[in-house]
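Before anything else, here is the set of structures, which you'll find just below.
Each of the next two complexes has chain A plus one more chain, namely chain B in the first and chain C in the second.
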Partner chain A sequence: MREIEDFTLIGKTILRREDSYLLRGKAQFLDDLPEPRGLIHLAFVLSPHASAEILAIDTAAARALPGVIDVLTGEDLAADVPPYAPVIELAGYRGVARPVVARGRVRHVGEYVAVILAESPYAAQDALDLVGVEYEPLPAVATIADGLAPGAPVVHEALGDNVIFRTRFATEGFEARFAAGEVVLEEEFSLGRVTGVMIEPRGCMAWPDPIATGITLWTSTQIPHIVRTAIAEHLGMAEANLRVVTPAVGGGFGTKCHLYPDEILVVALARRYGRAVKWVQDRREDLLTNVHAREHVLRLRVAVGRDGVIAAADLDVRTNCGAYPNHPFSPTLEATAAVRMMPGPYRIRAYRYEAASVLTHTAPTGAYRGTGQPSAFLAIEGMMDRIGRRLGLDPAEVRRRNVVRPEDFPYVNVVGVRYDTGSYLPSLERGLEMIGYDAFRRAQPADRLVDGRYRGIGICNYTEVSGTGAPGWRVRGFARMPGFDSSRVVVEPDGRVAVYVSQADAGQGHFTTFAQIAADRLGVAWEDVTVIEGDTAKTPYGTGTFASRGSVVGGGSVIRGSAKVGEKIRRIAGYMLGCEPSRLALGGGRVFDRDDPGRGLTLREVAETAYSMNNLPLPQGEEHGLEATDYYDPPMVTMANGTHVVEVAVDPDDGRVEILRYAVVHDCGRVINPKIVAGQVHGATVQGIGEALMEEIVYDGGGQHLNASLLDYLIPTAMDAPDLALGHIETPSIDTVAGIKGAAEGGLTGAVPAIANAVGDALAGLGVSITRVPLRPSTIVGLIAAARAARAGAA
Partner chain B sequence: MSRARVTVRLTVNGRAYVREVEPRYLLADFLRHELGLTGTHIGCEHGVCGACTVLIDGKTGRSCLQFAAALDGASITTVEGIAGEGPLHPVQEAFHEAHALQCGYCTPGFLMTTIEFLAANPDPTRDQIRQALTNNMCRCTGYLNIIEAVEDAARRLRAQEGGA
Partner chain C sequence: MKPAAFAYHRPASLEEALSLLAVHGAEARVLSGGQSLVPLMNMRILSPAVLIDINRCRELAYIRREGGMIACGALARQGEAEASGLVAATLPLLASALPHVGVRASRNFGTLCGSLAHADPLAELPSVAAALEARFVIASARGRREVGAEAFFVSALTNCIEPDEMLAEVRFPVAAAGARTAFLEVANRGHGFAVAGVAATLEVDAAGRCAGVRLAAMGAGDTTVRLAAAEALIEDEGLSAAAIAAAGEAARAAVEPTADVHASAEYRAGLIGVLVGRALRAMAAAGPR
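Right, the complex of A and B next:
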């Protein structure tokens, strides 16, 4: 990529324009949109059973209720709403389809069993209680172990067992390389099941266009183009007859980057009834039915030299994928992410892995901030500490000896992922320095006890996959992940600029940053750029906003699109001024001669020519209009990186973990807007603290969901958010446009292992081994008691 | 379930409204759907997340847990009433400048909580701010910029008081 250096606005903090309406309560989230006349409100009857046969559904009483329009079961929808499935082209994956509304069988608590159509949400809720469903409960499995047990109930009979996906990999001569290691360490790590908990639950509204034959779907999603393609394909509609629009979206975190059955259904019912159809999720439905994530078990075995250098690594990953594959990723997402990311910032050259995804009678799992990476780094970073303890080396020193060093870049890791640039060692050193690591270690008492609490420090070096392009999705078999994103940059007749981007904002600040980028590249005032996105009818095709791709791919496309329009501005202006276009520069809303800045035109004057608003001709062969469309497909992935170092105090009496000091070093390459990047780091880190210390969706052994409320599923509050010391390193990518790397997930990926390691360090003297998150107080009290009992038994 | 409607009189953002609604109609739905004041958001419907927080006779309350009919005669302030069409309120300004919102869905609730808190605690410590904000959940910001915004808002309000 050509080096771009003359930035004027890129890299500067500009306060967000979206705040002006959000702060006044004027934003339009899904349930804030004006409601069309004759709107049908939906409510779903949810399965109370994890696994059951549906014997009969009695809808008569519900239908008789005033205000109820209809009550539909899976049978009533069979003709025009078939089951749906992701399109995955990957060996080892065996697809099964998911019904939009269950027919005959339910496979998880919360599965849709019937749908109420009513004139108001209150009537729809009343009708829910009047639908009588007769079930024959069947045996259920909820955990990975139970799903794999011999003779376990099979979630989808057609598959014969519960392993929906399995994949293996080994480098050449792996066994010999492993055997060459002097010390072998092995540990099993696991992560509880969590979920996104966007403060705005999901919702959607389909509206038959009163003029044309099409339908507009308003939906709170991160992936409008993918949703449109999937629904049109699924319902047999011409894609052009479906328009998908995202209103303001109240957080996404990956949870909203899936296609959900209700999104298909509102479109199908709008088509069937010729009326607008709306559904708004409540929090219980969010926690019961939106994709969950994690619930991974990782068994990591490493062979190490006495110097602490890893000779070979062997990883076995199992994930609980719930009852159905999510769309569009399928259960291969987390499994392949975890095994592909485990080598992370370390020089691991001999590697073997196996990954399997296991079906259970629980809610489907899918993407959530960090996808596979918190798990991968919990394992490898946990192992770094264990290597140190086994060999008598400082854990920071073990990392220094294994990390990909500055002179190694560009570096291709053991599974073929290119790290073009990075600051792995400088980032580690900076993090250690910020926390005063050496001083802490010198002062740390052998028993780690200070004022009645155990003190420890944890480190996590992480790499962060960002901006995945088409090659990155193809290699993992995701046939409905385009990989590219696009923009259409228009200089309007008035000389102001409109930027149409294929992305969909869910709080990242695109309306500010993309305007900032276009203004920078076109030399116009930031206020004169309008950003339009989240609308398939207005924007060119693209992938969407998830997996830390907005700035890399969306931003990259805006830079390229702006450059293309810039060329046209120069050509037309050069013709108008009678000079070579190459002499012209853009700035201050003008195009002017570099050597004679007084000689130039305003963009408005150029636009008047481009749009035939004056009597001036265009250069020969030039078309009217002043715009360009750009489709940007970035490299396979772009690797950001960083280091978390955290000090904790663990109270052995109540099991509480207090975070005393927290240092985050992050490197996302070229920064567009520093304040927005810092916000991403804060938010992700605190989500990671939640995953490490408190969050977990709990099912009992029979697949009953036990904590579907925010009183029982705990997310961090302001009391749980420690002050964070942020260290910025900026190592631009040499592969992406302008050197941008992603920034949205590293905070979470770094936090989970760093906190687990800090607790592990604090309790190491007691013989406690930390292998699982979340580390809730009860868990820690139990671990300490067990370790003390084991010591007493041994004594 | 009775469909009988009752008359509810509420003053919202200084304006008097009279509506006939079901006795079970929630205040949040009354504000959002009867009055079109959709700035008050619903995040959990069980009183935990705080997105629906409004001022009821000057005190914060969860509009998702209260029946409009039970509040007959009350005076309500919503996010739309903080600054009206005029310049942003100092608390709103502080949130903007500290980048204390991302998706912004929870923000109206945080603003109401902050306004009430700073009225009673004009010069709070960071710990006091953290405690006050536990009434509200945010999943985007990690709270740090919100805490900073509340500190800054306190300074702005004190300066305003001093200047007045």
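Right, the complex of A and C next:
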């Protein structure tokens, strides 16, 4: 890609155009859409058991209820809607399929057991209580340890055991390199199970076209094209007869980048009944059935020189993947992410890993902001602090000695991922400077006690995988992950611009940033660019919006598509003006001679020629219309980076962690809109605070879900958000269009380890070792009590 | 999130509300602010056949002084109490607890009586009522009766109101001139339900002796709990550091909290001890109002 320098709007803060309707409550989410006549409302009977045989389902009473159209069980649906499974081509993965509605066996609390079809959502809800299901409860496993125990109940008997995926890797001569290290440190880190809570739970509505065979599926998803391909394939429909549209989507965070059984079912039922079918999820269903994430255990062993430099690292990761593989990622996603991303910003050249995904009788896990990276960095960043404590080195200094240095770029890490550019050392130094790190360390008392509370600082250096292209997905086995995204850039007959992008906004600000990009590249007013997304009938094919790919891949495609249509504008204008197209520039809504700016045409005048609205001919061989389509497949990944440095005070009596100061330095390459990037950093950091300090989905040992409400599953609110000091470093990628890198996940990835390390630093003098999140007040008080008891016992 | 069908009545007076309760009481619920009732109905945890909406009973919308008491009618909103100069001047403990009740939006509609009648052991107002020895005025077509907090709060989410009755008013004694108060709670996050908390009030005379020591804990068990042993300790020994430490320990030993997804029972008990200590220290440090 030719280096682009002449930006006019890219890099400038423009207030989000979508806020005018989002903030005034005018957006149309799934449940706000006008309802077609004859709409069928669905409600699902959910399994109350983690593991059970379904002996009988009595639907008679529910069917008899006025307003109930039908009640269908897995048996009733078996012929129409077979089980579905992700397509994964990766050694060590053994697939199993997931039924859309359970048949014979349930494998987690909340699994769909029957579906009510009713004339109103009230009748559907009333009927739920009237469906009698007879279960034979069976032994269940909820945790990784229980799932791996000898003789454990097996979630899918066909597999023989609960390990659905296992992978191993080692660099050549690993053992010798490890043995050469002078000091060996080992620690087991773990993260509680969380979920990406969107303000809008999921929902979908399938609407058959009365005069054709087509169906429109409205669904609150991040991946409309992937959903369409999967459903059409699964139900044997012509793909052209299924149109997937996203209304306004109230947050995604990865939770909505999966295909869910209800999305398949509404389409199947719309076909069967010839009526529109709608389902809207409530919060309990959200927390019981949408993908969860994390619940990882990472055992990290490092061999280190006396200088604190890591000679070799050995990582064992286990993830709890729940009862079924999610689609399209499968349980390989978090396992491969954690082990591949652990080396992060550090020069680790001897590396061995093993990862396993363990089936349990819990809800399936899948993608959530940060995927694998908060876990990976909790381990490696926690280890950096331990190396410092063991060797008497400052933890910041340990990081300096291990980090990939500016002169190392481009750098290929130990698992073959190319880091094209980055600012790891400058980012670390900047973060330390912003927090006044050296002064803090000088002033920190030996016992770390200030006014009755323990003070500590935590650091997290992170890399952030972003903009993953086809090679990046293929290497991890994701056969149904296209990797590319696309755009169609149209100069309309009036000279204004429409940009159709293959992605689907879930609140990120695409309608602003993509307009900003097209306006910049075509030299038109930002207000004159309209962005259309989230509709498979209008936009070209693509991957969707997740994994920090929107700006890199969607933005990159808009840049390339705009350049292509810009060439056509120049060709037609050159012909009209009688000059060489190469002499022409775009700007101010005009195309003009760069040496004689007064000589030019408005875009509208060019468009009128392109659309045959005047008597002027086109150049020889030129087609009518004024548009271009671009499919952009970015490199394997582009690596963003950043540093979080946070100071906390820990109250030993009530266990509360207060965040006193928080500095974030982030580098996402070329910035399109600084305010939107800052919003991503703020939002993700606060989500990370939630994961570090409060969020956890709790199952008991028998697989009962104990906190399926937002009263009991705590997510942070504005009251928990600290003031963030943001430092920006802009190191453009040399591999992506315009040097753009992703920005959506680093905040979360940085926050979890930084906060854990800060608490660990504060409590280090007490002998407390922080190895697990979340760090709730009761957890902290318990850890302090245990450390005191251990010391008293030792004394 | 759709409630079961219910019949809806909107009486215009307390008398009319009570006569509806006399007919439908066993299957009815009174709707005032609806900040707990409506979500419970939407989740179908509650499915009352009849809803009696008292929001048109304007005669219940008051916060007023009656002699030595502040009387709050069943339609007195939490937000109104929070903004009330009368409450600020006469009920400092209630005033300091109100900002912890729900969120501003829920306080705009939620009522004092509604929160009390809901009887959530993790709610703030029951502990405030217990510490202030509030009186609960329960009305029915049969007449009125008045009970104290110990009789009113029976167990978690259960009060002593009979099916044909409703909580018409809560009466708080006006704080004594020298009263010192403290309200403290700890939650797993910056707002929302606490894990545990303490509402405290006492008076200190010129000689430094303490009287009227009342400590109530939330999150201590099935209902709000008065910490009698700790109260007696402070009345006997005053606010010395040793007495405060002993009172905290006595509070910890006296409560029998339950464990849930938010905290262990042991943590809650310890926390109540810690908060009693903090409350007493804060009151020791504060001068008389």
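Everything that follows uses one rule, which is that the second predicted complex is superposed on the first by the 795 of 795 C-alpha atoms of A that agree within 3 Å, B and C clash if a C-alpha of one lies under 4 Å from a C-alpha of the other, contacts with A are read in each partner's own complex, and residues count from 1 in each chain.
Here is the rule we go by: a contact is a pair of C-beta atoms (placed from the backbone, for glycine too) under 8 Å apart; a residue touches a chain by one contact, two chains touch by 3 or more.
Bear in mind that the values here come from a model prediction, so they are computed numbers and not experimental data.
When the shared chain is aligned, chain C comes close enough to touch A:G655, but chain B does not. Chain A has more of its residues touched by B than by the other of chain B and chain C. In the superposition on chain A, contact of A:T717 is made with both chain B and chain C.
Of the two partner chains placed by superposition, chain B and chain C are both touched by A:R283. By the document's definition of touching, neither partner reaches A:F7: not chain B, not chain C. In the superposed model, A:V197 lies in contact with chain B only, and not with chain C. Look at A:Q125: by the touch rule set out above, it reaches chain C but stays clear of chain B. In the superposed model, A:V781 makes contact with chain C only, not with chain B.
In the superposed pair of complexes, A:F169 makes contact with neither chain B nor chain C. Shared contact residues of chain A, touching chain B in one structure and chain C in the other: 122, 126, 282-283, 709, 711, 716-719.
For chain A in complex with chain B, the touching residues are 15-16, 18-20, 22-29, 31-32, 66, 122, 126, 196-201, 248-251, 253, 282-283, 506-509, 675-676, 678-679, 682-687, 709-711, 715-719, 721, 723-724, 747. Chain A makes touch with chain C in their complex at residues 121-122, 124-126, 129, 282-284, 653-656, 693-694, 696, 698, 706-707, 709, 711-712, 714, 716-720, 776-778, 781-782. Residues 1, 3, 22, 24-25, 32, 37-46, 48-49, 51, 78-80, 82-83, 88, 92, 95-97, 99, 101-108, 111, 126, 129-131, 133-134, 136-147 of chain B are the ones that touch chain A when the two sit in their complex. Those residues of chain C lying in contact with chain A across their complex are 1-2, 4-5, 43-44, 186, 188-193, 195, 260-264, 266-268, 270-271, 274-275.
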